[in-house]
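We just call them A, B and C in the order they show up, numbering each chain from 1.
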């Protein structure tokens, strides 16, 4: 559901626990493009495969302390998922093994909200994903996610100090994050990987809206520079269909700056406990030729239970302006289209 | 016990659970050869050191969904065990860190059997191990396992779609697997790492027999090519001794094809809750000189409990035809023999 | 508390269990030196961030078997912590991913003590840490820990056979370890990484004292050679303050041998359930110029509960004789001083 992440653990705390949790999700994925097709078993077609440990300690009077350690898993191979230690290209870590790349935090939680230290999703990522019917998973995910030019902190950041507003503010929710690249001072790239991300939103009954903005510093070169991202999302649950929409803008301040803009419209139709999902999205830049990709995604999620589902997704992507995005590992020529299919099984624990 | 793996989780499902499990096994290992000896602390002399998480959800009417995430552990160093992401040499992953290299699967299970997606043992490996008194662990393991030329999918494969027959077919058991190398099409090595493995067997009281065959595709070169493996195993439990035997054939279709053949005979004698193990095996190829290794293994397993044992194993290996296999890390000259000893402690949890 | 590690699990065993445990600890850390300052989010400012699984099986009559798998976690980034597979530089493993680098052992425990196989802390490290008020964590840790020249086995060793004395010997405690570099014999560096470490101590009421000594073999070169470490520590708990002191000596037998000596004095003052910590330490070598570093550390630990604390630490380090140690990632010129500050949050589970 839209803005589901706005209600994650935040004070007051009313009980202690330690929990093992995770997702095992694999799908047969096929992609076709004008040059080469590809068939794979992929991980995370419906929800990100993962294993995690989280806990919270009730310290009395609403105060609590907690931890959250969550590792991505590539279920098709048993390996992990890549992370990044310093929010810069130099900090990229191997996907071969497990690490708590998804989230690794310690928190202090109270009536005033939550202080959270460690590695976590960035606020502008949360806002982007909360209105994606496909939750940034599988071939269906909206193109402003799949094609993002927003760099190493587009999804998560390490070395972060975050603050979350408490619940109970009449529907208001929000967070602000400061993250560090951790370079020694007095060098030209001293601030690389250091930045801020913030988000503020409001939910009331079926309606939700939120805006997020972020800036990460990088030394200006021909291909890199400060990265600014802003996005806004809104959703309305009409019961027979939940409609969501988002607008996205990412800018890389290289010598010749590049700005990307995009939008997405999504529909989730409940069919008993099943779901039909539909998304239409576009993401493109102002680089020479104005390359852009438009994507139409259609999915069905069949629920055996709340924890176990089977799913099928179809996406069609149209390239223009020299863009050559191929779905599901296929290769397509500039301005040619691509099709992708996922057929999978997801089990949560 | 022989064919123990034939009875792993397969429908109908009758209850939900999530389980943490594992093995911690270390041994002092000594190997001597004609050139150099070696003394080590090894991991997994009796059973593979590991840690895993598995679970199953009862969906009603015999239907269930489950996951299995299992990481190898090198108990002597705390590191992990190498895996492979694409069933090709290029997909080898580091042994330095933990990954769910042993098994990483999501399953749908019903009266019709089990559909299993992810990384898992191959069917022909299961059939090879089920009649090895030493379960492919430690110096005692039969030579058709230790010396196998069957390549990256000899033990496990990633990107696999597997189907298992249900229990209750009058002792019949079996499985078939399709696994993918996941290369883009229209290149000469497009099918590298893609293959099939299947197994069918029958158990009745003290008797069991099973045959398995597999083929993995690789582009033909001077040293590589399609790999075909076939093996058959049988066992009979006479109560005072369980006797098992296996025959093995592996072929690499390089420009000059190489065929390896082997056999193994094993005996497990229960002594109260302890065990005496004996195995005699041979594995050799038709490369120039017909290099071959013969191995005789003798082991004793002392049981403190079902979960905790101490064990001692002795093996003697004879090389011929230019073979130069050294046991336990020792180095031996061609056609010279090698001896190996393990003395260890295993605890399961 | 001092010598806390002397009372870790050792027979007799009186119950079975499997436990998930860990620590999530992050701090904002600032360091200043004469050349460059640095601000970071660090992991493990008060206690080492980690996740572990341990268990013990009661085998009756005091006999037990157990396992312990413990992975370091860099909470600021979600990655792991580096390990070492062969007690030599060549065996260093990446810090990018999780491994049971902290401890990976299987044990047999009885009235006679504990036999422990695998990777573990070395005895001389335990003795060094047991009298460090900062437990080798964060900027405050005593300089004989932070600056140790004692090589790959300074903290832990892989491929270890360890024996621990049982409790109940009138306050006597001790352990001896043999660890292996696992090189093939008959090469000049055959014994590299192989060594012994031992410790013996005595506790009685508020008083404790222990001595440890270790030797690890390495081929002699211009910069390396056998490493010998000896240290002695003592503590007395006056209730209003626990006082500890240690003396340290490490020697590298290179062509031109280098000897380092150091000492530390520590005070822990309980303030209700909070703590004030103070340490004064020095560590220096007899290399040209007699480089040395003196460190003064002051810390306050505020306890929300036994499991959750906030903490602040300040350290001042003075270099002499050409030493150029900078605290918390800062860079300082030879013989200039450095300051460091940690402000953090720790949650144990």
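Here are a few things to note about the model shown:
Basically, contacts are C-beta pairs under 8 Å (C-beta built on N, C-alpha and C of every residue); 3 or more make two chains touch, one makes a residue touch a chain.
Source: prediction; values computed, not measured.
Chain A and chain B carry the same sequence, and matching their CA atoms takes a turn of 120 degrees, rounded to a multiple of 5. Under half of the residue numbers at the interface between copies chain B and chain C are found on both sides, making the touching surfaces mostly different. Note on chain placement: the centre of chain B and the centre of chain C lie 39 Å apart, centres being C-alpha means. Touching of two or more other chains is recorded for residues 20, 80, 94, 96-99 of chain C. Contacts from chain B toward chain C in the complex involve residues 20, 22, 24-28, 35-41, 51, 73-80, 94, 96-99, 304-305, 307-308, 310, 329-331, 344-347, 349. Chain B contributes residues 18, 20, 53, 55, 57, 59, 63, 65-69, 71, 80, 83-86, 91, 93-94, 96-108, 115, 117-119, 158-161, 180, 182-187 to its touches with chain A in the complex.
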